Every structure is written in structure tokens, then in C-alpha cells.
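Below you'll find the structures, each written out as C-alpha cells.
After this come two complexes, each holding chain A, first together with chain B and then together with chain C.
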Partner chain A sequence: MRAARIPFTPYLLILPAIVLVFVVALYPMAYALHLSVHTSELMTTGAFVGLANYRALLSDPGTLWSFAASVIFVAGSVGLAILFGLSLALLLNEKVRFRTAFRASILVPWIVSQVVAAMVWRWLLNADYGPVASGLLNLGLPRLDPLSEPRLAMWVLILANVWRSVAFPMVLLLAALQGIPENLYRAARVDGIPWSMTFRHITLPMLRPTLLVCVVILSLSDFNIVALPLVLTGGGPLDATDLASLRLYREAFSDYQIGTASALAILLFLVNAVLTAAYLRSMRART
Partner chain B sequence: MTITFSVRWVKYSLTFLVLAGVAILMLTPVVWILVTSLKPEAEIYRFPPQWIPLQFTLDNYKAVLQSSMPMYFVNSIVVAVGTIVLTLFIAMHAGYAVSRFQFRGKNVFLFLLMASHMMPGVASLVPTYLLAGKLGLLDTYAVLILVYSMWQTPLVVWLIQGFLESVPATLDQAAMIDGYSRLGAFYRVVLPLSKPGLAASAIVVFVYAWNEFIMALTLTSADNMRLAQVGLKYYISQYGIQWGELAAAVILSIVPVLILFVLLQRWFVYGLTSGALKG
Partner chain C sequence: MAQIELRNVGLRYGEQTVLSGLTLNVEEGEFLTLLGPSGCGKSTTLNLIAGLLEPTSGEVLIDGRPMAGVAPRDRRVAMVFQDYALYPHMTVYENLSFPLRAIKLSESAIRDKIAGVAQALAITALLERLPKALSGGQRQRVALGRALVRDPGVFLMDEPLSNLDARLRVAMRAELKRLHQQLCTTMVYVTHDQAEAMTLSDRIAVLRDGVLQQVGTPREIYQRPVNQFVAGFIGSLGMNFLTCHLEQDPTGTFLRQDTFALRVPASVAQRLVQQGGDFVVGLRPEHVVIGEGVDVDLRANVEVVEYLGSETLIHLRVGDTVLVGKAPAETLIVPGQHVGACIAHASACIFDAANGGLLATDTDGT
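Showing the complex of A and B:
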């Protein structure tokens, strides 16, 4: 009698989770697919138009640029976050005084919201009253308004993003460093092998799986970022920082182009799916 | 001997100095906002700017407390608490099923959870908005709580599952022999032993719900339903940029998360990174 009941219990237990995931995640995605192949007239779905929305999107240089901008932003952010994160993890792995305090300070930007990060940097870089502008003047350099220079704005965006996200790879890599068995290094030390060699042949290979996880997770979150660019640059100046994710937001909620916005959402979803598949593979490689 | 000693000393000092420098640099932006929030209006618009205010004032904080910000903070707390309750309820049951049962479709379930967690918010923004509109759920706490719970449930399932697995299954068995039902054993025996897991999960969910912006911006438009982060954004456009007040509002919005961080740093870091490491 009991045996018949047992297989039933786990399904009951996971039912709420399934309902939530289906209703709030998968169904909307299917709905987006539906919207992407229809016209939209002020929030009502119109006729079926096949791939017209996609064609319109892909023949628009603005969209193509926004994907290029996303690639630049993601590559810059992820590259720098990993580089700094790894360096900081290596330094924090040494026994230094105030190590915990240093670590905590580096973690603080990680817990503030993207909106706050954007505002903090806007005010810091303010050309009229900000300390960065004043510091540059003191150094005899010209007054700088990086957020109004198309070429610099992207760097500011990347910098602000690295500032708020560097703690994530740092924490993961530090944990991974501490998991490398000490005897690997001891052998190298006995043989008098220089640091650069140990780093290349012991540390890096041991960190590889974690590095991979960091790259994928950071890429995913950077690729889908909206709040930070929306508040920091608004996509400008001159579309210089008009990331694909931000463009999707504006296409839908400033221009009310639901059809093309949904097509863009599906394209973003595909990129996410590829990144997720990469993530799952890297997880499997890790275990 | 002396040479190796001094090499080590140089290395130590360099490590220390670089770390100290980075720590200061990372905190500088936040400190600058804090300094600004304590300056009177006239001093904020002085060039070159002062790092130590000539005159301290709490006027900016008073102004923020008299604005709509406190209402937005309350909204954020309501949504965060609602999200914590719903997410933990759903995730602890799913986590228990995954940790204690072998059942058909378990791997599919775990894969779907993982996939839905990885599928980030911006792509579902448009359909979620339209569906919420059709269901008359725009401008409600319910829709934000539902959407936030959906984004956090997968992560919390993994988190809680790890803690549940550290509780031996023989305890459930013993409790069931004592006359508890399956669920009774879970609620009365296993859950109390997994409190750290629930706490870590609650922190993660709180920080997410407190900091989330784009869903909150999209799914609410009424002023009295605004969340804190959206309120900060509107502070810019509504009153022109009043940097002093904005800085005070920003500082107030960081305080709850910062307090949690200082008190529970270990769980904080554990919770926010564990999703990346469990598979």
C-alpha cells in the first residue's frame, strides 16, 4: 500500500516549482516567439507576417551595431573582470595583514545595485563638479567629459561594470586557489622552479574549470545587462553604448514596436541558449 | 639568508600595498556619494570638489525622508519579503524531493530549472509585460513577487538541496517510525537542521529583490507601486538632478544590504556564488 504512494510524493513536491517555471518563464518565451512572427498595432497582435520582423531587424544597421556593441562590451568587461579578479585572488591568497578587510572592501561594489553603480559613476565623472575632472585638471590635463565622448563612453560603461562585477570571479577563483593541493607546489619549490613556471603549469591548469565557469556566467549577465547602461549612458552618446539588451528594452518600451522587439528578444534568447549550453558543458568538464 | 629575507619582505609589502590601493579604489566611488550626501547644496556645486565637507548637514537625508522614497522602500520590503516566502516555500519542497527521492524525470526537472535560471530576464521582458497586462496584474505586488520568485527558485533549489543532503536520510526514517508523515518528518526534523541553508537563501533572494530594477520599472507605472531602485531612477528625472538628495537616497538604499553583508558576510558570499558551482 505504501509502496504505491511513494512515487507520487516527489512529483507533488516539485509541482509548485514546475508550475512557476512554466507559467512565468517558459510560457512567456513561447509567447514571445508567437509575437515575433506577427505585426503589432499598439499592444494588440495583428496579422501573421512570417520572418518579416526578423528581416526588418537584421537589415537595420542600428541593430547590427547594437550586437557589435554588445560583443565589445561583453569582451571588454569579461576580459578585465577575469584579469583583475584573478590578480586579486592571487594576492588575497597570500597571508597578508588586513586580508579580510581588503576582501570585504572589494566585495562592497558587488552588493550595490546596477542603478546605484550607474549613478555613482555618473557623479564621480561629472565634468563640472566631479573629482575625476578636478584631478585631471590638477595634473594639467584638459577637462574631460567621458560620458559625452562616443569613444570614451563605452570604456566608462565597461569600467563601471568591471567595478561592480570583479568580486564575483575573485571570490570563485580565490576558493579554487585554496583548493589546489599544497603538495603540488611543494614539489615545484623543492626543484627550484620559478614562480612563472609554477603559475603556468600548476596554477592555471588547476583554475581552468573555474575560469571557464566565470567567463560563461559573466558573459551571460553582461550580455543581458539593461539597468547599468540605461541609467549610466542611456545608449548614447550617438548610440555608442547602445547594447542589444538595451535596444530591446527601448524598442519595446519607448518605441512600442512589439513585433520587432519580440524578434530581438528571440535573437537574444538564442545567444543566451548558446552561452547556457557552453555553461552546462563547462560544468560537466568540471566534475 | 638576508637576501631571501628581503626578497620576501619586498614581495609582502608589494602585495600589501597593491591590495590596500585596490581596496581604497573600490570604496572610493561609494565614499564620494557618502561625502556628497552630507554636503550642503552650495558646497556640492563647488569646483574643485572637497573630499572632506567644510560643513556637514543632514538636510539631504531629511528631504529624502519627506519625499516618496520611504514609500518606495516599504514597497521594496513588501516585495522582497513576499519573494523570500514564496521562493523558499517552493524551493524547499522541490529541494527535498530532489535530495530524498529517485524519480523518473528528475534529471529533466533539474535541467529545466537550470535552463530557466540561465535564461535571463531581458528576453522575457516583453512577453511578461504583455501577459501581466492581459491578466490585469500590472502595478501589483503579486506580479513582481511571482516574477522574482521564478528567477530565484532554481538557484535556491540548488542551495537548499545541498543543505538537505547534509542531513542524514536516516533521521527522516526515524521520525517516520515515530509516527510522523513524510512531510511531518521534513517540517519538524529536517528543516530545523537546515536553517543555515534557509538563511543563506533568504539573503540571496533579498539582495536580488532589493536590487532588481528593470522588471520593477516595466511592470509598475503607478507612483504608489514603485520600488526603491525605480524611485532612485525617477529621482533624476522628476526633480532635475538634485545630487545631494540623490546621494542621500542612494546611501539609504545601500544600507539594508550593507548591514546584512557586514553581519552575515560568510553566508552572503556562499549564497551568491553557490549557484555557479553546483550542477
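Showing the complex of A and C:
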């Protein structure tokens, strides 16, 4: 009998991918963990300080507010994106006129860069020359400057983000809706099931796995968002929109506090890891 | 129980005609089967009765009441789908109770109803299972159960057995028949399987390209098909067709092709002579009996022999046509052999070669 040979070819073939993952993901992650337990001076690593960076962050009310702001932003963005995405998907699942054009127009904001989207919204809502403010003034309503108003700025940020990201849940949910067997609805119609019951007891349960995927992926993306809030509100006014991701960016690239920024990155990573675990669980439930 | 009437019903999608001029009555308690090949309009007809589609012409009446604009739920119909359409995230109990919850029946009444139906269909042990944990036959029973719990006036069944394997299909066929005898509810059943139609139905309506070809009892359809299409579609082997010309000699009138000849009774011959042209003789395989003897009607070469256990099918070459006949199982015949065959003249059908319409069955003289 011939001795069993170890098949090296498969390992050789996946080696480039392993190297790539190590270089762009595993090594930076390990290095961030290393940085988060050291002091830093500009771009050089200083002394080992254990969990001091974490303690400093967690005892800072500004950080805690950043996480709270992120939770508000993510909950608002994800909730509204799913709500509008599902509504649009339900609409586009019907035989409406100009369906293709309608679908394409919703996809446009999704492919626009966050910076461009933020600039467009800044212009729209500018209190001096923006069309929204002008329109309100023409209607005899008071001057509106939502980006300078702490109570409104978060809503503006959420709305801009929902406008940008609504196409994602819409596309996934539309595909899921089209995958629901038509005969289930026909059976429900013959059985006399009202529309509300059909939606609640057939459509929603059939969409559940896709809804879960949408929630987790949108949450991950919204927790890590930087460009949109940076350009649209810059974290202001009065830190009203100072999200954890924005704070992380500022700590690292404005204040050059690499140790603190790394500790913040690790905390955000933990949040993302929990969400990813939920995503994987939802995928398993689906299969 | 309910009575259904279709009056000149038609359905068009743009330029495409799906169904045209369908007039059909289904009596109370009757089991009527809509039979035809794929795309003939049988499922469309069922959907029109259910109210899932509205006709573009004509009208559907249930118990004499026009159904135009009446929602499916108000038609007292229940439907069993080909894929059963069970709600995959609901247990069997929830599937059965769902239509009853919609009419806000009390929880105890729902429980009682489901218990009765589950017992009748032998699915009590399955009530807590999800559809994915059921076999095809069990799913089929649950789908029937969901229709039964609503006490409908009409059962509409869209090829409910076609997803089952052959053995289970035969078993479920008998069960459906038993169920109909027990309930005596009006049933409209769609199938492309002529054996199902023949065994289950009180009457069969044969459709082709959206046009009704014939309505009748299984026996009528089998013995007196109105045209070649129906004759070929009904019967497990279809009908043999031989294009023949008319010949008259002092001994009588014959329809002849090659070695095949069918003597035509005088009453029929007169009409055929008047009409002129070619004719098609239709013979069921059981009416072409292979064997030797004094009353052999034709002799031909054997092309193919198919042994079925209970009998043997023999394919004979007659001119440019292959004629399928039957022989007893124990008969030893081999391809290439020259054999004789007896024709059951009384069972032959004579069709017009030009339009395929039935002109006469050999003995009836019609």
C-alpha cells in the first residue's frame, strides 16, 4: 500500500488569502490590543499601563455619552431603515408602474459616498441658503437651523443615514418577499385570512431571518460610521452627535492619543463581535 | 354542499387567450375532474371558481349566485394546492387553526374541530410537528385537514397528488374517494393524470388549449371520446390511430390500411361514403388481442414486446403505423415474429381524418 500523502496543494492555494487576512485584519487587531495597554507619544509606543487607558475612557463622561449617542444613532437609524426598507420592499413587490425606475432611484443614495451624501444634506439644511430653510421662510415659518440645534442634529444625522442606507434592507427584503411562495398567500386568501393577519402571521415570520441579517449588518455598519457624521455635524453641536466611532477617529487622528484610541477601538470591537455573533446565530437559524 | 355553474367563461391576458367560452355545471355533491395537459386552462378554471382570478368574460355562479366581485373567503370554497401551501413556520395544529382564528372562533371550538378532523385524517399524532418534519403523504393530509376544518361548500383540489410517489398516490387516491363518499361535498379536482381522473370522478371535463373538449362520465369519455385528442389522452396507453381509406366490394364496406381492415356496418358506411375523404380508426390496445385462430383480422410483424407481468404489450407494424395490442402474459412472442390479431370491431371509433372529430363508434351507427 502506498503511504498516504499530505495534500499540500490546497494549503498552498489558500496561503495568499491567509496572508492577506493576517496582514489586513489579524495583525492590526493584535497590534491595537497591544497599543491599548500602552502609553503613546505621537506615533511611538510608550510604557505598559495595563487597563489604565480603559479605566480612563470608562470614567470619562464624554466617552460614556459617545457610546450612548452611538446607541441612539444606531437604534434610530436601523429602526427607521428597516421600517422604510420593508415598506418600500412591500410596495415594489406589487405590480406598480415605473417599478424599475423607482427601484433605481432608491439605490442611488446607497452608491453615493458618505462624504458626498453629507455635503448634500449640509447644503439642503443650511440655514442661510439651503432650500429647506428658504422653503420654510417662504411659507412664513420661522428660520430653521437643525445642524446648530443640539436636539435636532441627531435626528438630522439619523435621517441622512437612513436616506443613504435604506436601499440595503429594501433590496434584501424585496428578494426575501419574492422568495415567499405565492401559494401561501393564495391559501390565505381562500381561507379568508385578512390582510393584517396575513402580514403578521405569514409575511413577517417568513421575513424573520432576513430582517435579523439586516438588523445586524446595519448595526455593524452604523456603529463604525465616521465619514457621514464627521462631515455633516463633526460631532456637534455641543457633542450632541459625538458618536463613539467619531470620538475614536478624533482621538487617533486629531489628538494622536493612540493608546486611548486603541482602547476605544477594542471596546467598539467587542460591541461588533457581539453583533457578529448574533448575525451568525441568525444565519444558523436560517439554515 | 354547493352547485357551481360556469357560463361562457373566458380569460385573456392581453392578446393571449387562456380560457374561452367555458360552460360547465358541477352538481351538488359531485366529484368533477378537470383533465388536460399542462397549459390547457384547468388550474385557471379552478382559480376562477375560487375567486383568485376574475373572468374577462362570462360568469361564475355558486348556488345560483353570481360571483363577480365576491372575495374568495365569501365563496364557501376551500382549496388544496399542489405544493400543499402549508405555512412552514406553523405547527400542524396552527396550520389547521389559522383559518378558524380568522373567523374568531372560540379556542375550545377550534380545539374540538381540529380534534375531529385530525382523527378523521389520522394526523392526531402530528399536530405538534412542523410541516418540514412530515412526509409527503402526511403533508397532503394536513392540507386536506385545513380545507376540511372550514366546512366548505366546495373543495377545490389543484393536483394534490402529483408530488407523491406512485405507490402513495394510489393509496391517497383511494383515501380521497373514501373522503368524498363520506362527506358528499362538491369537489372540483384538477389533474393531468387520466388514471386519477378515471378512478376518482363522477364526471370528467377534458380541456385543451383553454377550450372544453368533452364532459362526461369516465365510461362515456373512455368509450365515446368526441375527438382524437380526448381519445388519445384518456386511457393509460392512449388509443391506436390508423388512417384508413374507404373501400367497398360485394362483401361489404371496409376501412383499410395495409393488412388492416375494419368492416363498417351499413348504417355507418352510408354516412362515410357521403362524407368521403380519409378516416381514422381508433382502437384501444385491449381491443387488439394478439393470438392465432379462425377469427384473426390482421397479420403483422412484431416490433417490440413489453412484458408487464399481468399481460404483454405487443407493438405491431401495420403499414406506416405502429399498432399496440395486448396478449396474455404467458404468450411467448418475440420481435420480428409474424402474428395474428383479433380486433374488437364493436369497440372501434371512427374519426374524421380532417378535423379529428368522432364520426361513429363502429356499432352504434350514429
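In the analysis below, the second predicted complex is superposed on the first by the 281 of 287 C-alpha atoms of A that agree within 3 Å, B and C clash if a C-alpha of one lies under 4 Å from a C-alpha of the other, contacts with A are read in each partner's own complex, and residues count from 1 in each chain.
Everything below uses one rule, namely that a contact is a pair of C-beta atoms (placed from the backbone, for glycine too) under 8 Å apart; a residue touches a chain by one contact, two chains touch by 3 or more.
Worth saying up front: this structure is predicted, and the values here are computed from it rather than measured.
In the superposition on chain A, A:P205 contacts chain C only, with no contact to chain B. Contacts of A:D128 after superposition: chain B is touched, whereas chain C is not reached. When the two complexes are overlaid on their common chain A, residue A:L280 makes contact with chain B while staying clear of chain C. Using the contact criterion defined above for the overlaid structures, shared-chain residue A:L173 touches neither chain B nor chain C, since it reaches no partner. In the superposition on chain A, A:R186 contacts chain C only, with no contact to chain B.
Within the superposed three-chain arrangement, the count of touched residues of chain A is higher for B, of the candidates chain B and chain C. Shared contact residues on chain A (touching chain B in one structure, chain C in the other): none found.
Every residue of chain A that touches chain C in the complex is listed here, in rising order: 181, 183-184, 186-187, 189-194, 197, 201-202, 205-206, 208. Per the touch definition, chain C reaches chain A in the complex via residues 50-52, 71-74, 77-79, 81-83, 85, 87-90, 98-99, 101-103, 146, 150, 156.
Interface residues of chain B, counted against chain A in their complex, comprise 12, 15-16, 18-20, 22-24, 26-30, 32-33, 36, 44-49, 51, 89-91, 93-94, 96-98, 100-101, 103, 106, 109, 112-116, 118-131, 133, 146-147, 149-150, 153-154, 157, 182, 207, 210-214, 218, 229, 232-233, 236, 243, 246-247, 250, 253-254, 257-258, 261, 265, 268-269, 272-273, 276-277, 279.
Chain A contributes residues 6-7, 9-11, 13-14, 16-18, 20-21, 24-29, 31-32, 35, 43, 88, 91-92, 94, 96-99, 101-102, 104-116, 119-121, 123-124, 126, 128-131, 133-134, 137-138, 163, 168, 171-172, 175, 213-214, 217, 220-221, 223-224, 226-227, 230-231, 245, 248-249, 252-253, 258, 261-262, 265-266, 268-269, 272-273, 275-276, 279-280, 283-284, 286-287 to its touches with chain B in the complex.
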